[in-house]
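Below is one structure, written out as structure tokens; comments come after it.
Labels for the chains are A, B, C and D, by order of writing; each one numbers its residues from 1.
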Amino acid sequence: MAKIPVGILGATGMVGQNYISLLNKHPWFEVRYLAASPRSAGKKYRDAVAGRWQLAEDYTPAVGEITVEDANDVSKAAAKRGDCAFVFSALDMGKDETRTLEEAYAAAGIPVISNASAHRWTADVPVLIAEINPHHADIIPAQRKARGWDRGFIAVKPNCSIQSYMTPVYALGKAGFPAERIIVSTLQAVSGAGYPGVPSLDMIDNVVPYIGGEEEKSEMEPLKIFGTIEDGVFKNAALPKISAHCNRVPVTDGHLACVSLEFGPKKPSPEEIRAIWEAFRGLPQELDLPTAPERPIIYREEQNRPQPRKDRDAGKAMAVVIGRLRPCNVFDIRFTALSHNTVRGAAGGGILNAELLKHKGYI
Amino acid sequence: MAKIPVGILGATGMVGQNYISLLNKHPWFEVRYLAASPRSAGKKYRDAVAGRWQLAEDYTPAVGEITVEDANDVSKAAAKRGDCAFVFSALDMGKDETRTLEEAYAAAGIPVISNASAHRWTADVPVLIAEINPHHADIIPAQRKARGWDRGFIAVKPNCSIQSYMTPVYALGKAGFPAERIIVSTLQAVSGAGYPGVPSLDMIDNVVPYIGGEEEKSEMEPLKIFGTIEDGVFKNAALPKISAHCNRVPVTDGHLACVSLEFGPKKPSPEEIRAIWEAFRGLPQELDLPTAPERPIIYREEQNRPQPRKDRDAGKAMAVVIGRLRPCNVFDIRFTALSHNTVRGAAGGGILNAELLKHKGYI
Amino acid sequence: MAKIPVGILGATGMVGQNYISLLNKHPWFEVRYLAASPRSAGKKYRDAVAGRWQLAEDYTPAVGEITVEDANDVSKAAAKRGDCAFVFSALDMGKDETRTLEEAYAAAGIPVISNASAHRWTADVPVLIAEINPHHADIIPAQRKARGWDRGFIAVKPNCSIQSYMTPVYALGKAGFPAERIIVSTLQAVSGAGYPGVPSLDMIDNVVPYIGGEEEKSEMEPLKIFGTIEDGVFKNAALPKISAHCNRVPVTDGHLACVSLEFGPKKPSPEEIRAIWEAFRGLPQELDLPTAPERPIIYREEQNRPQPRKDRDAGKAMAVVIGRLRPCNVFDIRFTALSHNTVRGAAGGGILNAELLKHKGYI
Amino acid sequence: MAKIPVGILGATGMVGQNYISLLNKHPWFEVRYLAASPRSAGKKYRDAVAGRWQLAEDYTPAVGEITVEDANDVSKAAAKRGDCAFVFSALDMGKDETRTLEEAYAAAGIPVISNASAHRWTADVPVLIAEINPHHADIIPAQRKARGWDRGFIAVKPNCSIQSYMTPVYALGKAGFPAERIIVSTLQAVSGAGYPGVPSLDMIDNVVPYIGGEEEKSEMEPLKIFGTIEDGVFKNAALPKISAHCNRVPVTDGHLACVSLEFGPKKPSPEEIRAIWEAFRGLPQELDLPTAPERPIIYREEQNRPQPRKDRDAGKAMAVVIGRLRPCNVFDIRFTALSHNTVRGAAGGGILNAELLKHKGYI
């Protein structure tokens, strides 16, 4: 089977680099179109990222030879449809600008699977975690119709900070134990801020107890993901109420979350919780999608795990790793959860969404 | 006025080193007696810590010349009362062993002001934070009587992990707004584990979401500190209920706490909270004790503070620095608090307690 | 073809863990025998390393089930020859003890391929870097004869600190440009000291300009590797003279070396040097040994490479990565070189030596 | 005595902040004039550095109230001579721009004591290390005359990377043992690159073996400092030849240097070297200048010192700390040296130069 040619918007940034690295050997998709800021446009990719490539695994020689286009020039992508059946958007510009540009790609018939936050609160745009709300993708026909798009659409993924606890919380809710209140503190990796991102003077012998906009996203996005589609738009869930403390710590990759959780009237036992997490499989697992982790939730018995450096790569860096499940002195339970923020929480999550959307026939 | 000669038990360890460094120029106390494990006994202090001294500020030449005694040999200290009017205990041995040994010093007429956890739950031993419960020191006559000690007594300080938020919580309660429930995540410095302590392989590109025994201490010790004396023993307070997540992060000094707090029925406004913290002064401030910070609680306006490296030394490393006061999505308020774990949370706190006990006439 | 069963001495330590991880899918060798200190003996491997396993990649379930033996008990290994055709020694005990124990294994008919430093200066024991002096293995018949061993022998690998520059220096010498004088400063990773190893208090906002014994090894071992066999014992080369400054830096894996080098009268041009390194292949490459990197020396053009985190995994973590070749203001040339200390410099290097010795028929 | 009012150009940057912090309690100088980029001009200093202040010690309230001027507007400074008897230049703009602007200040009658590199190779501008070449300041009359300046002049300090070994090398030369060849590797702190400076992604689990322009400066600037004045311009010394490898490591403050050194025909013994360093005092010590360290060179006996975090603050962060003196296998001796790059190597060094120039009557 011929691979589907894909484009990457924002190809030179940190997330763009992760997309390229993760797609190196993808069985369905092949990187053939790269776009970035006007500064990089016209250069070969190898020259555009010289001295800025951050990953241990290099891009392929073929990708290095691709000439980078100006991401603002949608007509270029439209003219090269043979290289660009859809795009992953890792755009890193202003919110309004991103929103407009992603819509222009969709209007030009190019589906946009985005990491950017610009469209997360657009009423008819799904925010997908493939194991949790794959049915939200089915708003796409309504989205297309309302906007007069034929092939194009926009689907996005949520903020990286919530990926480590949303899946375990969802699994419990699905099994009949919905969470009502969550207080969570995150210890987040610097790669979440891109490159150059966080200055080293802030991360040597230090942590920073603030990440702009992150707490608001962490508290609101889950409600859309747990929400329903009504009349072609999303309606938020009312629960769980979430309070987030987001901290930046000296870790390259891997966001850790310390979660205290209160259930509704029905309270599972620790054994039930462990069994629910152990057994949980989502649609990506059922379909055996290429980027899906075999087990979306991995529980570690050791009392000092999960740890970012040791656990972030579990399940091809796409699994959530949990540990330290114990009663909470104030709410019902406590646990610690980890996910890889630039794979599961960014490019890997986007690719898994694309695989899902391909399976569903939208790509 | 002649200085009071003091001894240090566990003088070669991390906390012992901090005592020595902080007492270098103390106006009331002078280090004259040093005791440690049998391994160090008989050596000059300079030789006993050769290659192990961890602090930027060196010990004085006079301290370097002191011959280290065996801490197990109480009779040595008793015989040298002229050099050892009381001791700071930074013993680092088994709990039972510590308990017994500290009692032996007290029985020998040598007051013990301890950093060790061994006696924190002994019913007639006060756990002091000088700004919060200085009146707890007044159990000492009952303690002496019950045990048949004349001059000796034991007073201890609580775990370093709670020092960053206990004072602000106490200040609010004192002003009429007691906390009922607290969920807190701490990001704790490695110096809390002593030297060699935490391996660097655990702290490079990593955090560890577990510190043995720390969460239990964090949840229980505040209840004794907020408790009352009844019939010569302490009775715990019932509130606040506390749930703690304790994490180790790659920071040398300074424990940071992310606090979500629920008040009782009476809820202060943000302005009231800020005013209460601003105005708060404890007995150490009223008495102008040498080690007391001028302002026990310092609020920073910047949204990305407090930070360990930048704020731990505020108020001679004895103040609590707070920032990010904001409404909590689940409880009433949220804030971030920091204190220096080896100064405020260990040796400095012990010295302040000694100053208080001196003022009260127990030393 | 049935795999050769191998044993690991010191299986629970850092280097032992690396051997197990790297042998997970080895095409020739299979881990079947594990030995460690008496403390671990009798436990299943999974229990023996519970809470101490340091690597991101787990051991296999089969390895987890192996019962650990006492490494001091050679008769156990001798009795289980079917599980232990030869051993990798990652023993971490005193030098004399190691020497004696490794000899006992060899005497019992079990070849010993060792990471320990104990036998590096034994006159008839080869110190092998497979790309440089594979012919030194041919001392084994003389070694066996002199000691009255039939199947057993001892072969070792050099210190990890020299692996990053020995191969490039050798390649130049082989091409007719031998080095006469080298001044090198190394920036070495903490994994080189094992676990717990270097305390985090020494590695946060700090470097340590000293590693016990490392400079002496760095200066002497190359002379044996470049030496010759005469009358069944090794005779050291006279050159190059090496002066080493060894520093510990806050890096998990990957030793970096800053090299200034003076040639003899014949001086290659930069272009010649680059061409020599580019073209260099050793016997492991000719034989296509499973663990051999395709290119033993990789040159990076970027002026800020090699970097430990980005380059240590190049060539299956078995390649040397070089950058910054430039004229030296004092000697002839300068460059920076990197190798992965626990793979190329320890377990991976040992495995490659075993593959070489298997090829040569000694195993 | 009334304090001399001083201005700071580039007051909001990292070096500017250090000047302000170090001058908080200076006995001779008082910060009264602050200038920075147009972006900061017109703001109170407290607002201009809100969220950017990097130091543990805060600026004084009085400094916080100063209105920042545009550094490009020399007439402002000239008009406020009463607040700006001379300036410390911590300008961080292009080289040509800096050169021109510093000359404009000097022409306007305002002496410029600069940290910038722009004028280091100007033939009549002295590059001062107060302990080494204070006599170079005496070119100032010639400089003034040649340029037609009456009060103004320009004096600069060298790159921070050489400060750790220049003083010990000078002390040996002065005692009759000049160095002829030096090969040095530096492990440099991130504060040397300012703020935001080095990205944290480059400094977590990593080092970077390259700092743009640093090696050239390290090799050339010593020759001017050791040079002579002939006909009103500087003539470089011919020796020592220096080869530098400059590396960036995850340390906040403190540059460490690993030095291999070859003397001329006269070779001192280790005892002589130690005695020379111990006895060395420069003009700042003789004059007892306020910022001068009591002992410019401090030797530590411990084999694992100097270390950045433990030794950078020695001698008010103005001393050079040395350790590990030992024979070199290739040259004559080896040692490790450390100095605080933002104090001794930047603002503190500038202040000491100002004190010297004040003493000499040029200010």
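As a working rule, a residue touches a chain if its C-beta (ideal position, glycine included) is under 8 Å from a C-beta of that chain, and two chains touch if they have at least 3 such contacts.
Fair warning: this is a prediction, and the values are worked out from it, not measured in the lab.
Trainee: Considering A-D alongside A-B, which chain pair is linked by more C-beta pairs in contact?
Mentor: More C-beta contacts join the chains of A-B.
Trainee: Compute the centre of every chain as the mean of its C-alpha atoms, then state which one is farthest from the centre of chain B.
Mentor: C
Trainee: When the centre of a chain is set as the mean of its C-alpha atoms, what distance in Å lies between chain A and chain B?
Mentor: 43
Trainee: Averaging only over C-alpha atoms, locate the centres of chain B and chain D and give their separation in whole Å.
Mentor: 40
Trainee: Hey, how far is the Cα centre of chain A from the one of chain D, in Å?
Mentor: Distance between chain centres, rounded to whole Å: 47 Å.
Trainee: So which stretches of chain C touch two or more other chains?
Mentor: Residue numbers touching two or more other chains: 54, 202, 204-205, 250-252, 303-304, 309-310.
Trainee: Quick check: in the complex, which residue numbers of chain C touch chain A?
Mentor: Result: residues 50-51, 54-56, 204-205, 252, 302-304, 309-311, 313 of chain C touch chain A.
Trainee: In the complex formed with chain D, which residues of chain A make contact?
Mentor: Touching chain D: residues 54, 190-191, 195-205, 250-252 of chain A.
Trainee: For the complex, give me every residue of chain B touching chain A.
Mentor: So the residues of chain B in touch with chain A come to 181-183, 185, 187, 202, 204-210, 219, 241-245, 247, 249-252, 256, 258, 260, 303-310, 323-324, 328-331, 334, 336.
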